Structures are given as structure tokens and as C-alpha cells.
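Shared between the two complexes below is chain A, which pairs with chain B and chain C, respectively.
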Partner chain A sequence: MKNQVSKVIVLDTLESSALAIVTVAVVSLLVVLFRRRKKHRYSDNREPDWSIPVLDAQSDGSSFFHSWHPSVKVGTLCASCFLIVSLNTLTWSLAAVGICILAVLLARTPWERLSRRLVAISGFLAMLVVLLPFTSAVRPEDTVFLIFGMENWPFHQRGLIVALTIVCKAVSVVLLMEPMLATAPFSRTLQGFSGLGLPRKLLSMIALCHRYLFVFREEILYMQRAMRVRGFVPRTNLATMRIMGNCFGMLFIRSFERTERIYEAMLSRGYRGSFPAGPEPPKTVYDFIKAAICLVIALLLLSVDRIMPSPLL
Partner chain B sequence: MSAPSNNLPPVESQPPLFSIRQLTFTYPDGTPGLQGVTLDIHTGERIALLGLNGSGKSTLVRHLNGLNAVQKGICLFEGRNIESEPGAVLRQRVGLLFQDPDDQLFCSTVYEDVAFGPRNQGKDEARVDELVRGTLAAVSLDHLLCKSAHNLSYGQKKRAALAAVLAMEPDVLILDEPTANLDPFQERLIRELLAGYAGTLIIIEHDLFFLQGLCDRALVLVEGRVEHDCPLDDLLQNPRLLIACGLDFTFRCTGPDSAAATAGLKPSRIIHGEKTGGDHLRSPRTGEPFIELQRYSYRYSDGTTALRDISFSLFTGETVALIGENGAGKSTLALSLLGLYRGDGHLLLAGEQVSESELSRLWQRVGMVFQHSTEQLFCPSCREEVAFGPRQVGLTDAEVEHRTQEALTLVRLNGYEERVPLNMSHGEQKRLAIAAALSLHPDLLILDEPTAGLDLRSEALLLQILSDLPMTKLLITHDLTFISRLSRRTVVLHRGRIIRDYATSEFLNDRRLEEIAGLDYGYKRCCYQAMEKALEKRSDFVQDNQL
Partner chain C sequence: MHIADGVLPFSITAAGYALTVCGVGISLRTLHNEDLPKIAVVTASFFVASLVHLPLGPTSVHLLLPGIVGALLGSSSFLSITIGLFLQSLLFQFGGLTALGANALMMGTPALICGWLFRRIRGQTRTSNAVAGALVSGIGTMMAACILAALLMTAGEDFWGVARVAMIAHIPVIVVEALVGAGIVSFLYQVKPELLIPGAASG
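Now for the complex of A and B:
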């Protein structure tokens, strides 16, 4: 291996221990901060005001993104996401994260939900950061760290940079989800997708999924509660599998029956194959100027990423 | 409580709105739904559609809305065959409120749900907005315009679903059990709304008190046939006929005011005393409570506060009624007592704090029948359903079988061992859920809305069963008969706080509850009294005739 690489850095016991301690400390700090934040999420004791759209409660609805036509916004931000994931270097991926943070600040959406989204993908990203440095292929000119006690598992700097680049791109896309999806009512956002040519049936299905996921979650919860209070403890045995089978079978039957009832309820209120759309605001020249600004920024990022390879990679 | 006059000519002089002749319907599994139904419905009529669960009421109204195809017979709407009427047009004129509001609210916010119908009718957006805001204000939900349906309480969902139908301005309004699970305030709200409705009204409802004065004609269905078609008042004053149709409500007519006395209720040991935790009037009972929540608060993930700093205790052997408006936090309190919701504060069982790891110990002593009892049944047979609990706690096969039989007998379901719970009637499912809880021999049984959706016969049976059960009971209900017959102590929750904790006899005479918590039991009391008087009058009349 030493013949293939130009630089091997050997970390002695002290350095390896320091690295391990720093890693554990950072992870613990993040966990503690997240738990504390979760605990105090509702400590302000305020009831949400449901007489106004949630969006208006977050901001006055006049942000750069709130006032943007849904179709143009969704189209532009989707294209921006594709351009961001095409970046190759860590430096410009970090720049993309910065720009996306700016976009979230402009959108004035709550950081609480965003942090939950980031936590949701953190498991996958953490796995990449841990595994890629140890598993990526070694190429000439690579720098490899040999950690004390783990000499058979060389840590590749290039693997780490690749992992961090992926993390940055994923975080950027998640950050962009907020201005894209949370700055217009859900129904209007779907309308925006419809304006981009997505089939209306598919969008109706998404709208129904959004509503009934909660109902089915409740039904599963009811069943779980009923099982728990009657002493059920899931184990890895046949009896548990049989009970879970019964449970899911019953849920399937109930879900099937419910879908029939929902469809009938829709029919009884005049449903004719598509959800009636509310008023759609007209597209203005400002919508296209905003689209142009966003796309130019994303294209600039991609260009410099290709033209000016960064010192990191 | 009289039906509103709508300035229409006498119904007999008009051509019928619906004309049904020999309508017969059979479900795909061979179960008869309707058998030769013949009737006319005229414009402006107000019809109470009555009958036991499974008698064909819902099947009939589904024909009127065009949801069920006519298999045999004739069903005409304004003289035209209902099948030839374009479905969407018919349904825009005939509004149908379904039993389960979750089926009817399928959009992302309440506003979108209510706007769905008018938008399908092709109304312009300004009119849609006006209708949405107007109907939501009529059902007192205008402050929740932008809330998602899944974050509403059951009562709020029910009212939102009604608003969604009313916003379509239908000529005919059909309601399938509109008051199930609603508190008295919401029930009154819906009643007032319906009283002002000028179109043709058809209501399926088991609560005859609700229908009295609201409807003028009664259609009684028995096994898919129209058994009686008469003025509602005549039906209500004919106990023999009511009994014959399975609609005997006289078990309710001992009257809530007198029921407390007839149930042998002695003056309570609970008195209005020192204030603890806000408005909570705490019981000065001595001795250790069986289960207790101390300074307990709970908040849902959407930010809604369900319980605010409450202290609540239950003592061995007592039956307590927990009442409050929909969304007051009653079910949350019950689930907190079971340890299923973990809020801020302390949960104590026999004086000892219950930690997360000790919940299984709690569940062996506390059983619960959930509000949606059908959703707590998941086994393929009644025997397995009831045996599930005892089997999980590791009892021997013989003991499991013994407890299963014992519990099924207690709820009068012996002989149902191999029946599939999913195919049973609502009342039977409710009793099965009780049996499933009883098979663990709990010291405390919590029942959340046990009477919702039950027909009168099932209610009477359930009342009998519950009064025979010896253990401590916590009863969450709006049903005055159950409260007065079963409980000695009543706890009133309002917006997550306990505002009353007193004897049931005091609750029954508490006229201030309406102004404090909007719990208008006065209207129910009036209904009871009107019914009692009607029955007395009728029995005097019969006696005079016999003499």
C-alpha cells in the first residue's frame, strides 16, 4: 500500500486518543443540544393561531419565496437542486450550503422543522462519513492516515472529502426543501407541480397520502396501544410474527374499507376525477426574474466548480 | 322544540321528491340490505330514519345519494330515475354526512375541505370563500380555518364535516348519526343548525331525544323493510311500538335528576374545598388513592396543550364520570393514567410512582376500552381476542380458557367464540373490547365513550353490564343516563383543567356548568322531561280508555 500512495501519516497513541475523544465529544454535544432543544420546543406555552395560515404565522407572507408563483418556484428550485448535486468539489459544495442557508433565512421558515429534517437524514450521512474514509479505493497521490490500533484500516483523506462533499450536497438540498415546499400552502405547492406537467391523478394521490398517513398512523397507534396494555411485548419469535401478521392484516382490511368510504365521500361532494383547484395567482415578470437569479447562482456554482478545482479536491 | 315552518304547500299536494318502489338491495356476500322498500319523500319533509344497527338505514340513504346502484325496484328523484341522473349533479343537490368524519375530511386544511364541494359545483372563488367562512362560523370552527383535519378533535371533525356538506347548499340533507361522540354543547349547536335548515332533512340517529321536535316523520326500518311510517311524536308516545321496533328508550326515562336518587346515591363526601392547581377543586378524601396524577401537564407535538397542571385521583371501588367538552382532554387524561402519554408530573399507583419500566405492572391492574373500540380489535376470532391479554401475561392454557369464557359471559357474548370481530355489529364489538379488558381482571376499568354509535338495545344492555361490574371504573361519556346511573362522583374537565370534582347528584343540578364550560346539559334535561311527560300523558290516556 505504501508504494501506491505518496503520503502516509501515522498517528501515535496520543494523537489517536485525542481524535477519538474529540469525535465522541462532538457527537455527544450534538445529541445533548438536540435533546435539550426537543425538551424546550414548546416551553413558550403559546397556542398556535389556526385562524390564519401557518405560513402567515411564520412570516408575513411577503418573503422572497412566499410571494413567488408556486409553479415557477418549484420548477426553479428543483432545477437548482439538480445543479447542486452535480457539484464535484467540497469547497463549492460548502459554498452551496452557505447559499442555501441564506435562502432559508430569506424564506423565514422555522428552523425547528428544518433541524428535524436534517436529523432525519443524519443517520445515512453519518454512515457515509464513517465508512467512506475506510472503504474508498486508494489512488496514487492519496494521503492515508494510520491510526494507532487500526493499522489494518487505513483512513483515506480523499474518502473523507468525498463523504463530506456528499454530506454538503445532501444538506443543501434539504435546506432548499424549506423555501420550495414550506412557503406556500400544501395544496398550492401541489398546484405548482401540476403546472410543471405532473399528472393530476398522481398529485391527488400525494394529497390524499399526506392526509391519510396521519389517520393510518393513528390506527396503528390504537392497535399498538391495545396490544401493549394487554401485555404484548414484541420478541423475535413465531408468536410475535403471528400477532404482527394479524395486526397488519387487520390494518390492511380496514385501510381498504376506508379508501372505499373516502372515495364515496368524495363522490358525494361532486368529485369528478380531480381535486378542484383554488385560485392560482398570475405569473408576473418578477417571478421569472427570481427564477433567473436562482438559476444564475446555481449555474455559477457549477461553472466555478468545473473551472476552478479547489485546493481541497 | 317544534320543527320550523318553511312556507311550503302541504306535502301531500306536491309530487314526491323521492319516490321509491319495491327497492331491494343485496350485498355481494349475500347479506340482504333492503327488502322491498316502498315510500315517498316530499320536499321539505323532516324524517327520522330509525332502526337497530344493521337494519338497512345507511343502505337506504346511499341509494338516495346515488352511491348504491339500484339492483331491483324503482328509485325516482323528482320523477326521474336516479340512475339516469348524472351522479355528480344528483350529489350536488343531495348532501350526505357520513358517520365517520375522518372519511369526509380528505384535504390538507379545514378550509380546503369545506371548499371542496362548492368548487366542484363550479362556484366562483369569492362565493366559495363566503360559503366556507359562513358555514365554518355556523359550526363555530371559524377559528380553525387553517388547521389540518388530523389535528382536530373528534367533535371538531364532525362539525367540519357537516360544514363541508352545508357549504354545498344542498336541497336535501342526509345525516348519518350526526351526534355520535359529541358533547351537549356541540349537539345543541348542530340541532340549532338543523332546525334552521329549510330543505328536506333525513336523519339517521339512535338518540330519540335529539330527534324530538326536529323531525316530524318517523321511518322505522327492521331487517331492511319499512316496518313503520308514522309521525315521530306518535311513535315516541307508543311504548309498545317502540319496544317492538327495538327502540325502547324508557330505560333512560327515570330521568337524570331522579336517577341519582334512584341509584341510591348518598350525599357525597366530596365537598368544594381548597383550591389546588388553578380552578381544580380537590377532593378531601382520606386514605391512599388507587391511582393518581399529580401536577400533571401534557402537550401534543403540534403545540396544543391537552392537560394543564392537573391533580386527579381515583379511589378503590368508586365509579367516576369524567366529562367535558370535546377536546377538553378527557381521553388524554385516560391515556396518561395508563402511562401511554408521558407528560410533566407524576403518575402514582397505590402511592408508588410508576416509571417507564413499570408500566406492564400498571397494565395488569388497569384495563381500558378505547373510544374507537373497533380499532383495538385485531385478532381473527373473539376467543383469540379475549384470550390475548391472559396469554401475554403467561397464564396457563386452562386459566386462559377459564378467563375467556368468564369475560365473554360477563358481556353476554358466550357462543360468539369463533365469530370474526370485524364482522360483528358495533355494539357487539364494544362488548368484545370490554371482555378483552376484563379478561386481565383489572382493578380499574377505563371506558372512553362507551355508548357512541350504539343503538338503544345495545345501550340498555351495556348499561346493565357495566352496573354489574364490581371494579373501580372511570367513565368518559356525555351520556347523562350512564353518568347518573353508574357514577357517584363526577369530574369536569375544561380546556385541560379540572374545574369540578363533586358528587354526581351535585353535577346533575349544576346549572352553572354551561356558562363555565359550555356544557349544556340543560337541553338534555328538557328532553328527558318532555319525554317523560309525553309518556305519562300517553299512559294516562291508555288507562282512561281501558276504564
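Now for the complex of A and C:
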């Protein structure tokens, strides 16, 4: 091991135990916070939280993003997301996070839904941060920490940096989602995706699916409530799996039976393959100026990322 | 488990998108126009089912359902799963928008294979249908886990350890998915067996 790596830092007993204590403290703090959040969520009623966020509840603001034409906005921000995920270095990924926070402040979208998005990706990212430092490949000129008591699992500095870079990139894309999706009515935002080449047929399917998510969510909550008042408590056993299987089966049957009626109702209201979209607001010069500003910022980030990977040295 | 933004290299992201666009395009072309709204509505119910968390020891898991979607929708399952994942990434951030192509391949390909497999092995009795349901549910999730691991491995040698752990973490999900899948299929077989013939339900 040692002759492959140029720099090995061995932590002695004192340093290792200090590190262990700090790690345990941080993890237990997170666990306590998570528990409290969960308890708070369950305290008012016993129904689990399967709520589906309403994206466009605050769509009538007047910010930089609200006044932007949806098609141009969605196209620009999607392109910016792709440019951000192409970053390679931690420094500039951190800069991207900063810029995206500014974008959120500018859009004045609520932080609550944003924190929910961050919680959703936290599991995957936490796995990367915990695992990558211990499992990444050994390359020449790597720095490796040997922690007392864990000599078999050397801690790679490079693995940690790779993991943190991914975390920063993922967080910046998540931050961009709210300005992109929450600053126009959802149907307009979807129309914006048609500018990216999504066919209209697909868009009307997405819109219909989105509409019925809320219907079927009510349906399954209703079924779960009925099961609970009859004494059903979910546990880790075969009976629970079978009963939940029946519950899902019932949900699917209801949805399949519903499709016929929904489709006939749509036809009788004049449905001809896509939903009427209404007149699109005209695109103005300002829309394209905004697009240019965003793309220039993202391209600048990418180019400094490639030209000056480490500005501190 | 869905892949977040920023993990996969650009080439793999782009290739994933290209393949997904092809898959969706083929589905949109071959399906009848009147089937599309129906598939959309059914997709909503699969989406909602995947939000339900089942207890598993101290923690809880949610179902991925590629096997069941394949068994119920057959060749239109890829389209259904792509729409579901698109909405999941828009609404919940389950899987990043830039990784959507890769995620759709990861869930959609097993669904297509499972749909074909289910029709092959389901047999005529309730027991054989339930066993087939358990098998395709388990295999569907297992294939999704394998594709996830393979995609992670393309991100470089550093990710091989992560890929291995991700696969091991899916084993309990595979068991739960197989058991619930058996429950779903045997219930459908008793109550509305015509749903288990793909195409008949949406046609």
C-alpha cells in the first residue's frame, strides 16, 4: 500500500479518538434532529406524509424568474444544469452552489419545498460521502490517512473531494429547480419543455398523470385509513406484505377502471389528442437577455473550472 | 434508488438520454393515440403506489415496481416509467433531471424484460401466477440494482466500492418487492384477471 501512495498520514491514538468522538457527535446530532422532525410530522395525526408538493402555489410573483418567458427559462436553466454537472473541481462546484443560492434568493421561492428536495437527495449523497473516501481507488500522489484502529480501511483524501464535488453539483442543480419550476403555473412550465423538443402528445400525458397523482393519493390514503380503523398495523411480516399487495392491487384496478370513464369524459369535452394550451405570451428581448446572462455565467464557471482547476495554488 | 445529478460522466448521461428518447419515441409511434391518456392515468397510480413506505425492521422501504408495471403494461411500460420518473424528479427530486435518461433506462429496461417474462411463465393457476408475479417483481428490482451498479461503475474506478454497496443494499428491497408482487398478482388474478394480459387493459 505504502509504496503506491506518495503521502501517508498516520493518525495516532489521541487524534483518532478525537476524530471518532467528533464523528459520533455529528451523527447523533443529525439523528436527534431527524427524529424530532419526524415526530413533529406525525404528531398532529397518524397519517403518514405522502403529500405531493404543489409546485406552482407561488407562481404569481414578480421576480427576475417570474417575468421570464417559461420556454426560454426552462431551456436556459436545463442547459445550465448540464453545464454545472460537467464541472470537475470542488472549488468551482462550491462557487456554483453560491450562484444558485443567489438565484433562489432572486426568485423568492419558499425554502420549505427546497429543503424537502434536499432531504430527498440526502440519502444518496450521504452514501457517497461516507463510502467514497474508504473505497476509492489508490492512485499515485494520493494522500491517505490511516486512522488508528481502522488500518484496513485507509481514508483517501481524493475520494472525499470527489464525493464533496458531487454533493456540490447535485445541490446546485436542486437549487436551480425551484426558480425553474415554481415561478410559473405548472401547465406553462410544461409547455416550456416543448421548446426542448418534447412532443405535445407526451406533454399532455405528463399533465394528465400529474393531475391524477393527487386523485390517487387521496384514494390510497382513504384505503389506508379504512385498513387502520379495522386494526391493520404494518409490520415486517408476510401478512403485511400480502395485505399491502392486495391494497396496491385494488388501487391498480380502480385506476384501470377509471381510465375508461376519464377518457370518455375527455372525448365528450372535445379532447383531440392534446390539451388546449391558450395563447402563449410573446417572447421579448429581455427574455433572451436573461438567457444570455445565465448561460454566460454557467459557461464562465465551466471554463474557469477547466483552465484554473485550483485557483488557490 | 435513483441517481442524483452530477454523479455520472457527461458521455453516459448523454447516452442515457439518447436511448431513453429512442424508447419513448418508439412507444409514442407504435401506441394508439387513444391509449396514451389511459397509460398516463395508470402511471399516476403506479407513482402513488411507489410513494407508500413499507416497514422493514427498524427502517422502511418503498417499492420500485418495475416488474409489476411491466406485467401490467407490457411494451408501454417504458413510456409509463419515463413519465413517472420525470414527474418524480420535478416534484420530489427523486433522481436528478440531468440523470433522467440513465434513471429511465435503469427502471424501464427491467420493466420491458419482466413484462415479456411474465407472459411466458405465468401459467393458468392462481399459484403459478403468484409465483410468476413474485419472480418478475424480484428480478425486475434485481436488474434495476445491477444496472444502477453498472452505471455507477462507468463513473470511474473510485465508484466500484459504492456500486457494490448499492447492490447489497437492494437485497432486502428485492425480497419485499417479490412478496408484495406476489400479493398484487394473486389479488389481480382473483379479482380482475384480464388486467394481467398486457394490451387488453389499455386497449
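Everything that follows uses one rule, which is that the second predicted complex is superposed on the first by the 263 of 313 C-alpha atoms of A that agree within 3 Å, B and C clash if a C-alpha of one lies under 4 Å from a C-alpha of the other, contacts with A are read in each partner's own complex, and residues count from 1 in each chain.
Note that in this section a contact is a pair of C-beta atoms (placed from the backbone, for glycine too) under 8 Å apart; a residue touches a chain by one contact, two chains touch by 3 or more.
These numbers come from a predicted model, not from an experiment.
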Touching partner for A:Asn246 - first (chain B), second (chain C), both, neither: both
First, second, both or neither for A:His210, with chain B first and chain C second: both
Chain B versus chain C as contact partner of A:Pro185, first or second or both or neither: first
First (chain B), second (chain C), both or neither touched by A:Leu30: neither
Partner chain(s) touched by A:Phe82 [first = chain B, second = chain C, both, neither]: second
First, second, both or neither for A:Arg258, with chain B first and chain C second: both
Dominant contact partner of chain A by residue count, chain C or chain B: C
Partner chain in contact with A:Ala18 - chain B first, chain C second, else both or neither: neither
Which superposed partner A:Met266 touches (first chain B, second chain C, both, neither): both
First (chain B), second (chain C), both or neither touched by A:Leu102: neither
Overlap of the chain B and chain C footprints on chain A, listed as residue numbers: 48, 50, 52-53, 208, 210-212, 215, 219, 243, 246, 250, 253-254, 258, 262, 266, 271
Residue ranges of chain A touching chain B (in the complex, touch as defined): 42, 45-48, 50-54, 185-187, 207-208, 210-212, 214-215, 218-219, 222-223, 225-233, 243, 246-247, 250, 253-254, 258, 261-262, 264-272, 275-279
Residues of chain A defined as touching chain C within the complex: 48, 50, 52-53, 55, 78, 81-82, 84-87, 93, 116-118, 120-121, 123-125, 127-128, 131-132, 134-137, 158-159, 162, 165-166, 168-170, 173-174, 177, 181, 199, 201-202, 204-206, 208-213, 215-217, 219-220, 224, 234-236, 238, 240-246, 248-256, 258-260, 262-263, 266, 271, 273
Chain A contact footprint on chain B (complex, rising order): 62, 65, 67, 87-88, 91-92, 95-96, 98, 100, 102-109, 112, 115-117, 119-121, 125, 142-150, 164-165, 168, 299, 302-305, 335, 338, 340, 359-360, 363-364, 366-368, 370, 372, 375-380, 388-389, 392-393, 422, 436-437, 440
Chain A contact footprint on chain C (complex, rising order): 1-7, 10, 13, 24, 28, 33-34, 36-49, 51-57, 63, 68, 72, 79, 83-84, 86-87, 90-94, 96-98, 156-162, 165-166, 176, 179-188, 191-192, 195, 201-202
